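Each of the next two complexes has chain A plus one other chain: chain B in the first, chain C in the second.
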Partner chain A sequence: MIRLVLLVAQKDLLIERRSRVLLWQVAPFGLMTLVLCGLAVGPNASTQAKLAPGLFYIVMTLVALLVINRTSQLEAARGTATSVQILGIDPGAVFLGKGLAMFIQLSIVGSALLAGTTVLLHVPLHAAIVTVPVLLLATATLSLAGVLYGRIAASSANAGTLLPALALPAFAPVLIAGERAFSSLITYGPLARWVWLLGVSLAAYACVGLLLYGALEES
Partner chain B sequence: MKQLTRRALGPLALATSFATFVMGYFVTPPDKVQGELARLVYIHPAQAWVALYLSFGAATIASALYLWPRTRSMVADRVAASAVEVSTLFIGLTLLTGSIWGRPTWGVWWVWDARLTSTAVLGVLMLGYLALRRANDDPQVRAKRSAVFAILTAVNIPIIHFSVMWWTTLHQGATVFTENRHLKIHGSMAWTLLLSFIAFSLDFAWMVRARYRIADREAGQRDSELDAALKARRTESAS
Partner chain C sequence: MAVASLCDVVVTTGSFPLLSGVNLTLESATTYVVTGPNGAGKTSLLRVLAGLEVPSRGTGTVLGFDICSAERRELRRHVGWLGHETSFYPDLSPAENLLFAARTTSADVALIPSALERVGLAHRAKVPLKSLSAGQQRRLSLAWLLVRRPQLWLLDEPFASLDDEGRDLTSQLIGAAQASGATVVLTSHGALPADTNAAPIVIVGGRIVESAS
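Our next item is the complex of A and B:
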């Protein structure tokens, strides 16, 4: 199972390494959105710092949508689904493998965006550093949820517009928990329940994905 | 018996709804603190019960039945779709009556309260479900993806339920029971509240049944149109 998971993740990452979509399209989009958020908030540094966690997670969510869409397109390519079926790969392994690949991609972009947020929106450096584990947890949740929602929207008419309609509302709890946790780290507020919420969401998506991804592959 | 239950459902739903209106408007006294405004308690919690628990519970169970190979049938898919449509309507009504209550109580039509926000998010998810059903023409593909989406959405239901405890917000706490599971309201108010839950549950069943029949007939019509088109094509190629 683990070997298959790594194999699927490796395949997606290899495609990404060759196409460089993450580097030349997704990351610049994220950074540009962050700059636009800074412009929309205004030049006041304390306001920017106060709103930074929320803006950061909004940008992360939008970036996640792009990555999900990209991953779904790869999977929707002609013959891919048939190849997976012929090879008899466990759907659970495909789900986790794609989730792992997406997690790695989102973590890279997320780290760059966190650095950008720290500089552009005046987040205290200590808060930005200690929020990394929370960010990784939120990214893992977004990735597993993203694989599922991406597969649901894939191959449908207007998949590009359907995906945000399906995924964005479902990402709301992750956004809330991530933002609250980040804010708590800045203001030294309570953190545990937000981490717990993210953990529960991650576990729920992992369970549902392992159980139902096969049904989506069939269709 | 089955036929009788089917026929009785509509009149029963109407009768209990009317009785709730009469009891809630004319029989029960105004609240000591909230006055006449408290009469919304005979509508709003029952609507929320139907929107968030009953209809979505039905949709989740029907979706699970569809995904389970032994119980897979288009009946389950149509029940799920009908329940989600009704759920969407009731989520809208829940938010509307909540806003009507919120304006004089909180001074605003909308607050970023956890329960309100989560309910609105669930409403948008339901709209996503309906959009998903319209994006796929193949009935089997549509049914399967919709079923998975419904189960994924069910993950959000506990978040809504527990959100009041997770976030400290403006929303009124539990209306019916205290934390120790004791009734908070009594007498005619309690009976009317109970009646409202029964009435709205019957309304839900009636609406789902009506929507299911429409979906069933639509599918039948599609099949007969397809058969007619195939027959015409065969006749055309034969001549």
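Our next item is the complex of A and C:
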């Protein structure tokens, strides 16, 4: 199982390395959106810092949608989908492997966006550094949820527009918990409950994905 | 020995029947050619044999696996499939595509270089698949069959998009597969190469109207 998970993740990452979609399309989109958010908030540094966690997680969610759409489209072509079915790979391994690849990609873009948020929106450096573990937890949750909803949307002819409609409500707990945790780290507020919410969301999506991904593949 | 047996198999999409009460027996070490007009159900028949479609009625076993139960997932690991469309990842090279497929199915990766050589893709083994022609991409599918060595070959229009050399190669591979004891089922609109010795199955409107079995 672990071997298959790593093979699937390696394959998705190799495709990304070849296509450079993350580097030349997704990351620039995220950084440009962050700049626009900064401009929309105005020049006041304290206002920017106060709104930074929410803006950061909104941009992360938008970036995640792009990565999810891209990843789910890798097997969307009928011929490729059939081939993957014929290989008979354990659906749980496909789910976790694609989730792992997405997690790595989102973590890279998320780190760049966090650095951008620190510079552009005047987030204290210590808060940006200590929020990294929370960011990784939120990214892992977004990744597993993304693989699941990406698979559901991929079966539709309008996957690109269906995916946000399906996934954004599901991302709400991650968005809220991530934002509150980041804000708490800036203001030294309570953190545990938001980390707990992220952990529960991650576990829930992992269980649901392992149970349902095979059925989604078949449908 | 029968490798596949279908009894009154019905496959529908929505309320439209793709296959209507198909009865069929396939013997080992035999090549079959499924012919019929467009939309007759040729591809649907192959998909049922591959465990990719669930019959809404009827029963059947392929290579000993029940196609109406969850066993069809296991069946897929024992069949080789060559479809109409590109079956691999366009951003990966032929060698990388085969390596991924071989590793995930525990096939012998040492066979990959010789398989690529056999189908004439050795010199294009490391370029992205998307830069290859449709015919070369079909050759890659044939290379995968050589690596996987399935017991049942299911080939949907295997001669489409191929030049004369490719058609000859495909014909040779089908002959070699049959000689090694595998069963080959292929669909075709047109005439097969002269040296392809295949038992006919004629399908019209989702029903088999002529069969060697």
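Going forward, the second predicted complex is superposed on the first by the 218 of 219 C-alpha atoms of A that agree within 3 Å, B and C clash if a C-alpha of one lies under 4 Å from a C-alpha of the other, contacts with A are read in each partner's own complex, and residues count from 1 in each chain.
Quick note on the criterion: a contact is a pair of C-beta atoms (placed from the backbone, for glycine too) under 8 Å apart; a residue touches a chain by one contact, two chains touch by 3 or more.
Because the structure is predicted, anything quoted here is derived from the model rather than measured.
Once the two complexes are overlaid on the shared chain, A:Ala165 sits against chain B while remaining clear of chain C.
Contacts of A:Ile152 after superposition on the shared chain: chain B is touched, whereas chain C is not.
The wider contact with chain A, measured as residues touched, comes from B rather than the other of chain B and chain C. In the superposition on chain A, A:Lys11 makes contact with chain C only, not with chain B.
Look at A:Gln85: by the touch rule set out above, it reaches chain C but stays clear of chain B.
After overlaying the two complexes on the shared chain, residue contacts for A:Gln25 are found with neither chain B nor chain C.
Comparing which residues of chain A touch chain B with which touch chain C, the overlap is empty. Within the complex formed with chain C, the chain A residues making contact are 4, 7-8, 11, 14-15, 18-19, 74, 77-80, 82-83, 85-89. By the touch rule above, chain A contacts chain B in their complex via residues 145, 148-149, 152-153, 155-159, 162, 165-166, 168-170, 172-173, 193, 197, 201, 204-205, 208, 212, 215-216, 218-219.
For chain B in complex with chain A, the residues that touch the partner chain are 67, 117-118, 121-122, 124-125, 127-128, 131-132, 135-137, 140-141, 144-145, 147-149, 151-153, 155-156, 159, 166. Interface residues of chain C, counted against chain A in their complex, comprise 50, 52, 73-74, 76-77, 79-81, 83-89, 91-92, 96, 100-101, 103-105, 128.
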